[in-house]
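After this come two complexes, each holding chain A, first together with chain B and then together with chain C.
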Partner chain A sequence: MALLATILALRRDARILKLPPYLSALCIIVGVAWLLVLPLNEYSRNTYVSENALLPGQVHTYFTGSEHNIFRAYRHEVALLVDSSVEERTQKLGDLLRASNLKVATQNYEYHAAGRNISNKNVYAILQGPRADATEAVVLVAAWKNMDGEVNYSGVALVLALARYFKRWSLWSKDIIFLISGDSTSGPQAWVDAYHDQHDPRHVENLKIKSGALQGAVAVDYPAGPWGHRYDKLHIVYDGVNGQLPNLDLFNTAVSIASGQMGIGCTLQRMWKHDDSYQERLRTMLRGMLSQGLGHATGPHSAFIPYHVDAITLVTVGDGWHDEMSLGRTVESLFRSLNNLLEHLHQSFFFYLLLQANRFVSIGTYLPSAMLIAANFSITAIALWVQSGRPATPSANPIATEPSSSASKSEKNKGKEAEKSKDEKKPSMTVAEKDGAIALFPTKDLEITERALFLPLIFVLTTHFLGLLPLYVFNNTPEPYLAHTFLAVSNITSVLPLGAAYLLRQFKRPTAQEMTLIQCFSVLFLGMFLSALATLNFSLAFIIGILSCPLSFVRTSKNKILGTVMYAVLALLNPVMVIQAATWFFGHGVVEILVKAAEGWHVWGLWTQVVVWLVWWPAWFAGSVVVAGGLFA
Partner chain B sequence: MKFSSAILPLLLAPFAAGEHTSNWAVLVSTSRFWFNYRHLANVLSLYRTVKRLGIPDSQIILMLPDDMACNPRNAFPGTVYNNADRALDLYGDNIEVDYRGYEVTVENFIRLMTDRVAEDMPRSKRLMTDERSNILVYMTGHGGNEFLKFQDAEEISAYDLADAFSQMWEKKRYHEILFMIDTCQANTMYSKFYSPNILATGSSEIDQSSYSHHADNDVGVAVIDRYTYYNLEFLETQVRDPTSKLTMGDLFDSYDEEKIHSHPGIRYDLFEGGEAVARSRLVMDFFGNVQNVEVDKGGVGNEAQWREELEAIERMIVEAKRRHNVTLNVQPQTQHVVEEGKPAQARQSLKKEGAMRVDEESGWSKQIVGAATLLGCAGLWFAGSWFESH
Partner chain C sequence: MPLDQQKALLFGSAAAVRLLLFTAFPSLPNRLAGRVEVSTPVTSFKRLQEGLFLYTHNVSPYDGGVYHQAPLLLPLFSLLPNPSYYPFATSVLFTMVDLLSALALAQIAESGQSVVTRLFKSSRKDLRWSSVAIAAGFLFNPFTVATCIARSTSALTNLFILTAMAKASQGASFTFVLALSFASYLAMHPLLLFPPLLVLLYDARASKTKSAPSPFLFSVVHTLGLAAAVCALLFVSALLTGSWDFLAATYGVRLLLPDLTPNVGLWWYFFTEMFDSFREFFLGVFWLHVASYMPGLTIRLRKQPLFVATTLTGIFAIFTPYPSIADATLYLSLVPLFRHLFPLMRYTFLASASILYASFLGPAFYHLWIYAGSGNANFFYAITLVWSLGLSIIVGDSLYAALRDELDVERPELRGEEVKRI
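Entry: the complex of A and B
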């Protein structure tokens, strides 16, 4: 009982209130350190194929010999189509597929994003498994143009050659769909949307023929021209839209077949050289996190992943001695493995960070990192809530039996002046009596502080709705105006907190308590959202958590210099400024990114903007207003 | 007298020497799915071997949960191979699967073993053994410590199996059992057996995996397990025909841990006579059909004995004829032939009864029949003496 009373009394201890900022800082430091130890052997694991049915690399591949001549012939056919119109091209590609005795269909699509018109045509063919029951299918994709805009000559030719070759096997337990999409991102998106009847018929044509449930998709990106090009490594791209990932088993199977069976090295996240050192692993992981955090489509496979169709893209890179046939055999072996599947890929991880082709960190190991960062906001929110409910100056040490005894001792040595101040501090006490026991309380502690919730709640809600404005503007501004819009938005958002704080000050409103509550709600919402997001898109939650962690420490300060410094720091971490800095750092134009983002919004179903404008930006704005409030006090 | 002394040892021989009179085999694969191709190939290999060694299809219960031959993934439709050389199609054109697909369940397996089946269960799905039957029980699939998984849906535990065998013993359903199992941690499966006359062997110890032998790169899956592979190797290369005199000891000695990659276990203690007797059992006692034809190797002494026996039989025939003639001499004169026929028949049936009485209960009815016969005989004697005196 006494212990309980002590603990309850501890709630009111002033020292407890000093603790949260340190706790928050500790969370952030541990969170970041956690991420940094992940590449070590002790915290990461070697990959392994978890699904028994896959049996990667256990079959002989026969895509060699005369198939090579057929492949080369197809490649020349494809090269002839470069200057043709979309109609001619799809017609010819369809004829080539039809010549292999496959059912062929085409699909037109036309999207509008950022004032641009994205229109093209997909052509696809279905190979019905001779002894299959037509309930499942796997997809082999080659985009006409790859992510860099190069014509995917050899990739398309390989799909044509493999279609002809696969048709001659009798062992397919699933249908195989060969898709040659008009481009690398929107084309597959249109096709896979229409396949699942999730498309808007105004923009995307219905699919005329379909097969069973998609079990997996593999895309090939091999832009070598009609005379070929020998490559060095396979770059396996696996990020899906919104940072969703394919089942790790698919990636592992591809790596196992390429490196184990075919002797082709595998690389990921554009790490062309990887010496398996700590730095390289960390770099790979951070690149993977950045890519996942941005959530953009990284290849033709990306569109499939939101439909729970595991997919990867194989990209050839470098100059080496592997020829097109080895890529063909890799795909053949991969399809034999997928053909072995009895059920959807489900055994292995869907949430992972890859450190290199055969090393990964699973969600259980990395999740605490982002969770700790999110928790730091929640701690701050709780501290601010408690603080808002107490008198402006809490009593120093209410649980000590002799208040300020240690303080008085030290102060005695300081002499008169201190004695005087001590007298001043002496609190007025109230005597309470219950069941014959008598206790003394500081009167101040017995006062009940009401929290004025209305203004803070309205302010935080308004701030979040305000985020809809830039979200709408950036997603619907035509490309030529994007640069100006961006400039305007960055200028406006930089000064808007000052203006808002000044305006509020004119109404003599946010009191100190209301300021605290504004920050409390804003940070609370940020913390809750980030911890939820961490389970879905760890990287995005981590990046936003790190970029907004100063929000835990800024306060309305009477000190003008401190206030200005804090405001300057926040101004630098303005989401708009961060976007500007990041695009400059990675060597892209802001407009290019914004156009992609708009395309993502309208075509791919990208949610990153929502998180940026409706979560991150409002939190930043509320924090900045809180700081700016101090400047006008 | 001579006749009965010649017959008696023949009748008692099986009881004395513990021989069996029939051979049965229960071959069970417990896993389905394409990547478990090898488990079905294991079982089909054993099936082929026991058939080769003489157990007829009617005495083999084959349980196959999946049909690999017709799987769309099979690059060679209609076949199952247990070797990458694909020299021997195990599916062939003559296999009889008794339990297939989802019929392969723990319940059906235990019902089969203990013969607790419905009236209408076809004979092909029943284990019609008796106390003179030797049974080979071979199981393969995915197992663990004291369990064996059936079809990803259920498990049979080592206790279930031990209790099933115990019931079989109580119901006099076997003479001797050879229990052979190829799964991970296989040896735990027979650790709970407590019924007599079971010789058990398994592929791997507790916490050990059982490994596949090799994969066929065109079929694309592993085609056989190591333990089964080396058992088959012995059976195929050493036990060439049903007259093989190789013993179980020879089979067990052929196990090479280096090759099998796990520690095969053998359990002798349940066997009457222990290790020595168990090891001396012929491989053919379990893998082949019973062949009770004794082939003499054509010695002169034997021929003399054979002549002697022939002469003895000849003498018996002469004696029988003589007795027959005696009765013929007596019978024809009387008018009471018809009347007399009854007692004569009664005497014959009495003889038969006497021979069979060994294992039959005597009842009042039989006592009465006996008394009536005696009275009949007495009457006959009186009648004879009355005719003679007149």
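Entry: the complex of A and C
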């Protein structure tokens, strides 16, 4: 009880109010440092296959010998189709699959995004597993064009060859679906949406034939032309839309088959050379986080993951000595492993950061870093809340026996001499008596300050609704106007806080307390959104948390120079500016990114922009208004 | 601004916000109606539509085993045009329900029964919020808006509970009995509110008239009145559906918990884990636990019956088998009536922070469990625990504050002293 009383007494100590910014800074520093130690051996683990049924690489693979001739024949057939129309192409691919005694169907799709028309056709075939009861299926995908827009000659040929080869085996206890999608992102999305009846029939055709629940999907991306190309490594792509990841077991199985059974090196996140040093591990992890944070589709597999179908893409990279048959055998072995599954992949991790092909960090280890960043905002919110409920000038040390002179000075500075006429030197005191002991308190410490909540709440809520505007505009502007729109939005958002602060000053002067409360609510919401987001998409929460951490430290300042500096810092961290800078840094065009984002919104169900415009931008705006308020004081 | 103008502005803007949300986002009502946090098996609008379909096709609405709500809702909603094609009428109905609830809440606030009752006058009675502010707190609570947009029938239950409270605090016997019988008929557990509200009604009546009526006669008459009203409602329901089967499908479901759809409460997880042989025993224990608060609180806080009723709505929001955010919103909008207790409460920030965090993390974890498949039921259950913890902190803390407030009046010399838990 005594301890509690001491703590309660400390609540009114001015020194306590100085603490939260340091505490916030500490949270951010520890959060970032936490992330930086993750690549060390002490904080990461070797991957392992958790699901016993998978038994990776335990079977002999037979996709060799004469199959190679068949594969080459298919590759020439595919090469002949390059210049033909979509209809002709799907017709021919369908015929090839039909010739292997499979049920074949096609699917048209047509999406509109950013004024563009994305239309193409999927063709797919179903192999009914001889031991299967059509309740489960696994999917083998090859997109006609890969993510870089190259024709996926060998990938498509490999799917055709494997379809023919798999048909001859009697051991399949799941159906196998061979999907040749029109492109790498929208095509698989249209197909998997329609497979689960979640599509809009106006844009996406229904599937004519279906099989059971999808248990897994593997996509191959091997754009070598008709004369082949020997590759060096397999690049395993695993990020799904909105940063959702496939079960780690699938990734581990692929790595252990490719590197263990076939002797093919595996790489990830475009780290072509990986010497397993700290720097390389860190770079891999950060690239993975960036990709996860952006949440865009990274390959044909991405569309499957939101439907809880674990999926990866195998991409061949580099010049080496591995040929198409070793890729085929890898896929064969992978399908034999998936064929063994007794239940959906669930044993291993769904949340992980990979450092290299066989080292990872699990959620329990990395989550605290994003949570600490989010906690920094909550701490600031608590501090601002406490500050808003205090008298304008707290006494420096309420537990001290002598009232400090600074307190009375500041009282005088505020022009309150009229109240203090009786005793100019000392602030008015209240006598309290308890258990025969008498104590003096400064009267103003006993006053309760009422908080004016209305204006701050309305302001913060309006700001959050205001974010709907750019969200709508960017998702629905046609491509030719996007560059101008972006310029306009960046200009408007840069000036808008100044305008809003000026207007607030003109109509109703928000008091210092209301300014504090605006910031308090805005930061409180930000902290809460980010901690909820960290459980869904850790990387996005971390990135936005880092980019908006100055919001914890800016305040309305009477000092014009300091205010201008703070406003300049915030203006640089304007989400629009950050997008501009990031696209410039990574060498992409802004328009290209915006078109992709609009496509993501309309086709893939991407919600990164929702987080940007409805969480990040409102927080930035409120913080900027608070700073700009000081400039007009 | 005069009071009436303020009220008109408030009600107008609240109605505008609701109708705007209904019309501007046509997919929002159905999306919210599918959320487990908003719609429970016993209040869901989707299930009501199912029951309505069976009813209009002359099949017993309870045959499908989906509809668990009161039979009298069916003729009411069958009067409205089909909400799948003409949703506007239903939107207007639910907007009206919310406005009437807010009106009843404003009446409770105006009666002043929260600070000054017949036997008790709080020493902080001047610390009050205006009735308009309290109604605004109800109307613009995001949980209320979500309940309204989801067209959950618990909005109706809330309306009748609030009306019963308003009428009891005004001393209007007949309408009180009628409103409470409707509330109990719709949701069963509001029946537990009868004793404290009867005390409230008695106090209100006694302070109005010079001579207090005989307590015994007063309670007998009202109990009989309530019994008659409920029996009449049940009888009409039986006439309407042609059999007494509805009893098992509505109150039976509420009592015996056959539908274990997740919700924000504490029961579903517990009973999914339970061995069948223990089910009856624990059902009994859980219900006994909910009911046991009523007599104790009513006796201990005899002088503040409105506070007892408010606390009981909080208990219902935590411990009943099918709670939703609608029950929480009822409690959270009644709490501001006791503004004078706020300075005595100690954990307001903790409680509000845990409720806010839970309301963001709940949907996130539900998504992880059901849609992403990367979480499991424990994620969501953990968050419902935090949610219930937040609510129970408010219940416990306000209870402490009310007792402390009483002590300050009874023993003024102890004012400001620290209390010790014995």
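The criterion applied here is as follows: the second predicted complex is superposed on the first by the 598 of 633 C-alpha atoms of A that agree within 3 Å, B and C clash if a C-alpha of one lies under 4 Å from a C-alpha of the other, contacts with A are read in each partner's own complex, and residues count from 1 in each chain.
The rule we apply is simple: contacts are C-beta pairs under 8 Å (C-beta built on N, C-alpha and C of every residue); 3 or more make two chains touch, one makes a residue touch a chain.
Treat the numbers as computed from the prediction; the structure is a model and nothing was measured.
Student: Looking at the superposed three-chain arrangement on chain A, would you call chain B and chain C a clash or a fit?
Tutor: After superposition on chain A, chain B vs chain C: fit, no clash.
Student: Using the touch definition from the top, say if A:131 reaches chain B (first), chain C (second), both or neither.
Tutor: Only chain B is touched by A:131; chain C is not.
Student: Check whether A:361 is in contact with chain B, with chain C, with both or with neither, and answer first, second, both or neither.
Tutor: neither
Student: Identify the partner contact of A:78: answer first if only chain B is touched, second if only chain C is, both if each is, neither if none is.
Tutor: neither
Student: With the two structures laid over each other on chain A, which partner does A:59 touch: chain B (first), chain C (second), both, or neither?
Tutor: First partner only.
Student: Is A:28 contacted by the first partner chain B, the second partner chain C, both or neither?
Tutor: Neither chain B nor chain C is touched by A:28.
Student: For the combined three-chain view, what is the angle at the C-alpha centre of chain A formed with the C-alpha centres of chain B and chain C, to the nearest 10°?
Tutor: For this superposed arrangement the angle is about 80 degrees.
Student: Should A:573 be classified as contacting the first partner (chain B), the second (chain C), both, or neither?
Tutor: Neither partner.
Student: Answer with first, second, both or neither: which of chain B and chain C does A:351 touch in the superposed model?
Tutor: In the superposition, A:351 contacts chain C only.
Student: Across all Cα pairs of chain B and chain C, what is the smallest distance in the superposition, given in whole Å?
Tutor: Superposed model gives a least chain B-chain C C-alpha distance of 15 Å.
Student: On chain A, what residues does chain B touch that chain C touches as well?
Tutor: none
Student: If you look only at chain A, which of its residues touch chain C in the complex?
Tutor: 1, 5, 244, 306, 308, 344, 346, 350-351, 378, 382, 385, 448, 524, 528-529, 531-533, 535-536
Student: With touch defined as at the start, can you tell me which chain A residues reach chain B in the complex?
Tutor: Within the complex, chain A touches chain B at residues 52-53, 55, 58-60, 129-132, 169-173, 336, 339-340, 342.
Student: Which bits of chain B are touching chain A when the two form their complex?
Tutor: Chain B residues touching chain A: 33-35, 71-75, 77, 215, 217-218, 220-221.
Student: Help me check something: in the complex, which residues belonging to chain C touch chain A?
Tutor: 343, 349, 353, 356-357, 360-361, 364-365, 367-368, 371-374, 418, 420
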